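Step one of this worksheet: look at the structure below.
Labels run A, B, C, D and E following the written order; every chain starts at residue 1.
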Amino acid sequence: MELFLQQVFNGIMLGSTYAMVALGLTLVFGILHVPNFAHGNLYMLGAYVTFFLISLYQFGFWAAVISSMVILGVVGMLVERFVYRPLIGQPHINMFISAIGLLILLENSVAVVWGTSAKRIPHPYPDTVHLLGITTTQQRLIVIVAAVIMIILLQLFIKKTIHGTTIEAVAQDREGAQLVGINVNWVSSMTFAISSAFAAAAASLMAPIFMITPTMGALLVMKAFVIIILGGLGSMQGAILGGYILGLVESLGGGFISAAYKDVFAFGALVLILAIKPTGLFGKESN
Amino acid sequence: MLLKVEKLTKHFDGLVANNHISFDLAEGEILAIIGPNGAGKSTLFNLISGMLPATSGKVFLEEEDVTGLKPHSMAERGIARTFQTTTLFDELRVMDNLAIGYRVRTRTGFWDALLHSSRWRREKEETEAKVMEALEFIGMREYAYHFVSTLTQEAQKRLAIGVALMSDPKIMMLDEPTAGIIQDETDGIMELILRLKERGITVCLIEHKMRMVMDLADRIVVLNYGEKIAEGPPEEISCNPAVIEAYLGGEHIA
Amino acid sequence: MLKLRNVATNFGNSVIIRGVSLEIKKGDFVSLLGSNGAGKTTLFRTIAGILKPCQGTVEFKGRQTNRMSADKIVKLGLSLCPEGRHLFPQLSVHKNLMMGAYIRRRDHKGIKRSIGQVQELFPILKERKEQMAGTLSGGEQQMLAIARALMSDPELLLLDEPSIGLAPLIVKNIADKVKAINEMGTTIFLSEQNANMALKITGRGYVLESGSIIMEGPSNQLITDDVVRKAYLGA
Amino acid sequence: GSTDQEPKAPEQEQADDAKAVDKVEKEPIEVVIGFTGPLSGPAAQYGKDNVNGIEYGIEHINSNGGITIDGQKYTFRLEAMDDQADPTQTINNARRMRDQLDVPAIFNPVFTSIAPLMDINSEPDNEFLMMAYSSTPAILHLDNDLTVRIPPSFLIYVEAFADIAWNEGWRNGAMLVTLGGYGDEWREAFREVWEHKGGKIVADQPANYYTETDYSTQLSAALATNPDFLLVGGPSEPTALVVEQARDLGYKGPILLVDQAKQDHVAKILGGTDLMHGVMGVPATADVGTEFAQEFKKGYEEKYGVINTWEAVWEYTAIHALAAAMEEAGSVDDPKAIREAFPKVFPLTGEEYPAEMFSMGPRGAIHGFGGVQRIDDNGEYTTPLNYVWWTDSQDVLDEIKGVSQVGQIELMKIDE
Amino acid sequence: MKYNKFLKQNWLYLLLLIAALSFPLVISSRYYIQIMITALTWAMAALSLNLILGYTGQASLAHAGFFGLGAYSLALTTKAGLSFWLALPLAGAFAAFIGLFIGLLTLRTRGHYFAISTLCFGVIVFIVAGSWIEITKGATGILGIPKPTPIPIPFIGELSFTSQTNQYYLVIFFLLLFLFIIYRLVNSLQGLSFMAVRNNEVLAEAVGINTFTTKLLSFVVTNFLVGMTGGIYAVLMGGVSPTVAGSNLTFFWLAYVIIGGVATMAGPIVGAVLVTFLMEYMYSLGEYRLAIFGLILIMAIIFFPRGLVGVFTRLYQKIKDYFGGIRGGGAGQNAAKSRKANETL
């Protein structure tokens, strides 16, 4: 029982990471339909920025996190402007290739400039916590709580303001959006900025627990794509729920059945769910 | 009876788009389906052609129960259709569009293609001949090598009819074949539809252009709010008070 | 209000609009006739800034707009109800209307009023408030497209074949409403395949053929013209 | 492009020598040594550690004037190519280096790439020496005549760890070792040895150390079995994470690190040994006690800005061995001769090398020592114990003890 | 006369074929031959990907997974003693069979959903290859795959595949075979069905094409071909390890197809050869190599959205039109038409 609780906790912690990254990606992939496979690299970049702010410029942890979000927001805008905007109107698969190009570019630039050895941010909150038979650290609790807060904030922003609808409008009919007076380029820019800032926030919160390397986002981004598809393209609830489901499937499947095959459970679950419901859990559209 | 529609019903969540609609389609006739916007005309087409599953009700084609079949099986059995918003293979040329329309009558598969079997040759020639004939029929011979995206709306509407025609259908269901077409050319399409009839093809037509409907149709079915409110020959329908009230308005024939 | 001087537009190598000049004054109600493929839609898209002319100038409210992006032009007070509708298929009818009022999104009262007006014009839009636009019937979508174009409360309204796919009763209804809107001060430029209707309600008309204006004049004159009658009125 | 400096055929060389006996200074000829391995992607740092070691070795060889064969001086240059651990690219790189740079030897540190290289290194007229950096015994089973296996077999550590653990009275072990060829074999080997002794593996929860960052799942499952010790490890950096997360989950017991993870490196990442009480693993180079090790550590860290790993240490020593073998064989471009000369260049001992190599076994395995070091309950490093893998007799061991600088050496008898 | 016409129309392809066949005779460098072998093997993989992606419009990201299935299948069967010439079609068949099963599960999904669910399957193959140690030997992989069984040739002796040159010809042979298969397939009514599905699934279904079985057929043929490619790769490398199923392979093949020219016969080959050689050439850039490669990839897509073959055809057409214009337009246009007619049916 204790082990079960512990694994559930582990799953929630993992799920928080996943949900945050997937939610950022939902904006650009789920809603805007840009298959930004380089999202994981923006996440990675966010972690590096936080690392350098803390280690070189002696920023406090939270100051670094926020600055990193701002910086990555700008990076996201640049990415949209120079990598994806020129491809509007071309087949989707072309954007995918250019995403792969960006992924290779970012990962290797970081490796060349900052080296391949792993970086570490000192734990701001290293103390161990015991509750309900679960052992963990303060930092992990902070990650979970912060994730929930950020998720709620983003939800409110998208659902309660007109901006969410605006992004959807741009994605669904670019020309229609222009005709009602939406500056589609600006909306795309902002969407990328928010998405990247979100990735940076997730990475920075996680950085003290994990290790910062040029390839840290590689597997994560794949999982984020899986989560979004699992939840249903464009559905925010889907992305959040999908993130936590994946986290739990991994921790429970990995912990109780087989660690080597834990990703097989996660990826296999998706194939099966889509075989039953081809548009994901909350999906409405089919392409 | 060629086609028999029996109590077809379609619910979208709370909305009843078609409610117990029944009618028959006799061989060789032109039947028009009219009704206000949102009356359920296109939905009815979608149910008959298998694009949507019906909530209840049945469709019989030549006495055979074909309810719930997939669209491709419907096409194979001889029900061809066009779409309200012109739908074509817009990346392809006019002649390819037509050739694809005939695909349902050919059997060339992987091995035929690979080994250039006699079937491959026969069907290739057959398809080419059919395409030429169809081009002639819809009057688009000189457009054979044009890409669909460069055609005018009118040419696209014609081509859509041509593609449907390619499958040698028994029934052709045309959803607003002249929407957005100027009067002059509407007449051209009317003439095309009459020639379909001459070929022995049964036509089922949705149209809002009343003059055209009255000229062409042998019979008219009128829908309103998902219900069939009238059925009969054009003269009768045009004086039917319920139809005038729901659809035509005071001065009929716009 | 709107002035085109020698405007030309092309797709790749083919020139679609060839040196069109026209002028529309404030409060005018003008129709544009032309056969299929004449270039009406292309001309409207050029005026709205979706397409950029390769030659000539477009002036709207005294400002040169041929280099301006479409959304800026909308903010100046021009609204196009486009061919092909360009709705947001996965948004509800209500949200589509809200997006139509995007440029005045802070004017909550005004939006409410406008929504009331378009719902009165097309009662079905009220019934189907929460239905996704993409699942509306063809005619319902067309109504929504017109309604959305009205939502921005434009000074110049471009209507590209608004009657497409609409039932006769509704067409008549729209004709009356559009005329009323014009009478309330909105300038309207209308492209229609239903030439009869168009010429009956507008004051002036242009005839476009193969990308050039071949005829212009008061509607009541055009309606009696033989060429027009034959091609567009089917007489 | 070094076409003009191509090493000359031996006969030609001798003729040249005859003519120029009394010419005092001859231009040294540059010999290019090949390396292909992961220099980008998840295993990039591992690849770089290897490259650094070779490069550092070459620098020393060259600054000492290179090698001399028949009066001709030769210096070295390393051509390091990235293959991202993709065997296809490995082959392409090897072909290129053979073809355009005429390299006599190619270093590679990834087992799945070494194997296909061994498929082409014996092609007639196109032979090259396979300098294989992989501690898995599988290399030797491929029976390739032109292979040199550089690091000591990890079986040394397997046996040593098992012995020590058994003597401590631990019986139940839980494993959380990296996935992958190396890790899989390690787990297998340890399980075999441990169960042979009568111990039990109560949990086997592998994780991909290259791609994963959170090991809580596996750790929770492993710790729930109440093991006497944990066996963990992969590359040092993620290994440090595993150690930390194990402690965060409340585990206080002993942790054994497989040889790929380096204790000093782990400690550096964790900011000291606070979390590492009761850890056992491969000692820091500096602690092994050869004379040269300290100097090496200092120089290396200054040059590359990272801790010197054992990869660097062994590669450094291996390139020296290669150079010596060339000198011994009297050729820089005859892989067969060089390979045959290899056994004669040993031992390489601690006055000049950070690690010691004693001899070469029948299938190209170099015999060196493997050390085990523990961190005690106060966080202090204990003196390392060193083992030599050897199939020969006690006499040879005594001989080694005579020349070795590393202090305490134990014999370990294993069949690879 | 007939031959004359044939030569006139296809001189470029014949020239390329002759160049490809004489390559190892002219170039003696083992390095260049090796790169060519690699490039052409990747070209085969890209060709088959083009069938499902380019012609049928379904972005299968499980391509490397099926490549891996073929490779492992060949490794296991040849090590069990089966002749390469039987093991190879078997490898294709194995991949095709699993493909059929996966297709049944995933082909109901569309667009991004299909892409990601196939990606998942690819990742699963990769993980299983690395973890099912009893069969696959885990991450170490299966080594010592024997070279293809020599083919006895009457009176001359036998054709063996131990030399690099003969391996090159082996690859060329299968590349031509693949080209032949795909060419015939896409230039048939069946191929037209593929394109119909790609262009508009709803309409295709409405005109009587069973879109599901059409997609399934394309998927199965694709996987058969890539399974064979995997088998060829395995035998040439002499071993397989989980890297053969890595999704980055799929991504690279995708890039070859798109950069070369999607839905063209030559595109995947042009892309594979060009990018492979470019990557090799870029080694002189040292550690910046990959970063710059990423940049090139982005720019290539931005500036040549229809691929290099698209650029080339347009140039070629322009030149032809120019000369055609001088000689009197009509003829040129007719020629263009008849060529297009050939293309479609």
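In this section, contacts are C-beta pairs under 8 Å (C-beta built on N, C-alpha and C of every residue); 3 or more make two chains touch, one makes a residue touch a chain.
Everything quoted here is computed from the prediction, not taken from an experiment.
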{"item": "Touching both chain B and chain D (chains)", "value": "E"}
{"item": "Inter-chain centre distance, chain A versus chain B - centres from mean C-alpha coordinates, in Å", "value": "47"}
{"item": "Whole-Å gap between the CA centroids of chain C and chain D", "value": "76"}
{"item": "Geometric centre distance via CA averages, chain E-chain D, whole Å", "value": "39"}
{"item": "Residue list for chain A, restricted to those that touch at least two other chains", "value": "107-108, 111, 260"}
{"item": "Chain E, residues touching no fewer than two other chains", "value": "131, 287, 289-290"}
{"item": "Chain D, residues touching no fewer than two other chains", "value": "40, 179"}
{"item": "Pairs of chains in contact (touch as defined earlier), listed by label", "value": "A-C, A-D, A-E, B-C, B-E, D-E"}
{"item": "Parts of chain E lying in touch with chain B, wherever the complex brings them together", "value": "181, 184-185, 187-193, 195-196, 198-200, 202-211, 217, 221, 337, 340-341, 344-345"}
{"item": "Chain E residues within the chain D interface of the complex", "value": "29-32, 34-35, 38, 130-131, 133, 138-141, 143-144, 164, 233, 237-239, 241, 243, 246, 280, 283, 287, 289-290"}
{"item": "Contact footprint of chain B on chain C as seen in their complex", "value": "35-37, 83-84, 124, 131, 135-140, 142-143, 161, 164-172, 193-195, 197, 230-234"}
{"item": "Chain D to chain E touching residues, read off their complex", "value": "39-40, 81-82, 85-88, 91-92, 95-96, 98-100, 111-112, 115-116, 119, 123, 126, 136, 138, 142, 179-185"}
{"item": "Chain A-facing residues of chain E, complex", "value": "53, 59, 102, 105-106, 108-113, 115-117, 119-121, 123-124, 127-128, 131, 247, 251, 254-255, 258-259, 262, 287-291, 293-298, 301-302, 305"}
